[in-house]
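All chains are identified by letter, namely A, B, C and D, in their written order; residue positions are counted from 1 within each chain.
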């Protein structure tokens, strides 16, 4: 009856589509329980407009093995920090078209407040810790690594020691 | 291109199962757009344990037409109060077994913060405004209308005026 | 002879169980309010267990105690809701 | 003759683009730290655009500037992450 932490977490990094809800429905059926009164399912999708620019497609690059380990670590930490029953999370890599799902997170919990808080914590933590980089391609043919300093800004702070 | 508010909301009260994710996936496909970078899907499910008692099944009774109107009103209000792209929400009535979905809410939004806040606001508002009542049946054969005063408490305050 | 109105009454959830009926009707003086209806329902041999602040919907909209009723109105007595 | 170690270097995202390579290797004195490696990478004709506080992972765990490196370590230079 009591489940180990490992039995209640599923994480993966993949080149395959995450668009389909069904794979998460299946996982929740496996790892959830009738003690869970709430399910929170979050999807991040490729949006057409980002910071005012028209995006044509995205490319996600990952530090593969480290990303797998960090995503698993984040979800296990969520299980310890919040009163949740199960967590499933996946992140896409490779080329994504507009509207495609880049990240998906399913959380089950006895009570909804824990589910909302855990789901939000997981996505925010993914955004600061998961070693994945987003290369945005725009309709005008330009591209940009999201979060990267511009080459000029980089040069102006280069050459010095660790802060 | 610009969509009216009515095109971006779907609500219903139903005796049919809401367990399947696919019907919400289909609706999001219809009412969402590529300007939505986030999807939040919430399910409330019949939990085995409620306030320490072992639940065997639930019965939801609704003031049918008013519940339809209130649920629609709540979701349209969410569209006005939060920066969200679309809302779909449904509530079950009739007999539900353990683990079955009683309420489901899908919200799409450009940014995730709006999605989390709108989803949470909708479920909290449903819980205070939607004219639906839950009759819990327990494994020991007893039953209770959730939120109802006990008959004794009711009698002790009965017979007086509005507060 | 006073003008009378007739309203349809609905009892949901635990109120239906305690009242031993889901529907009824009530005859009231014209210009009666929601509060007048609730008082008459509480009257001798009536629903004396109705709480002090009972929530009422008139024609499927939440209504105040002072709302004036009209002939043919549908008045629902709403126990604490418990959806979700 | 000083003991030397060799580490594998990985450049991700914009660092890979700016360095014009995704992988490399570096020879360092034994007991060199992450900071020593970064300084050597920044050296003459090197990656002088590397920011002051560059994030580094050693063997797939985030590491401090003072972390001592060992022969065969995998050292990744991590630009601002942007998953989600």
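Simple rule for what comes next: contacts are C-beta pairs under 8 Å (C-beta built on N, C-alpha and C of every residue); 3 or more make two chains touch, one makes a residue touch a chain.
No experiment lies behind these values; they were computed from the predicted model shown.
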Requested in this report: Could you find the chain whose CA centre sits the greatest distance from that of subunit B?
Outcome: D
Query raised in the report: Distance-wise, how many Å sit between the C-alpha centres of subunit B and subunit D, to the nearest whole number?
Result: 52
Report task. Measure off the straight-line distance from the CA centroid of subunit A to the CA centroid of subunit B, and report it in whole Å. Result -> 27
**Report entry** Cα-centroid distance, subunit C relative to subunit D, in whole angstrom
**Finding:** 76
**Report entry** Set of subunit A residues in contact with two or more other chains
**Finding:** 44, 123
Report task. Could you check subunit D for residues that touch two or more other chains and list them? Result -> none
**Report entry** Every chain pair meeting the contact rule
**Finding:** A-B, A-D, B-C
Query raised in the report: For subunit B, which residues count as touching subunit A in their complex?
Result: 20-22, 24-25, 34-49, 98-99, 110, 112, 115-116, 119-120, 123
**Report entry** Residue ranges of subunit D touching subunit A (in the complex, touch as defined)
**Finding:** 10, 12-14, 16-18, 35, 38-39, 42, 47-54, 57, 60-61, 65, 76, 78-84
Requested in this report: Quick one: which bits of subunit B touch subunit C in the complex? Just the residue numbers, please.
Outcome: 44, 60-63, 65-67, 69, 91, 102-103, 123, 126-135, 145-149, 151, 154-155, 157-163
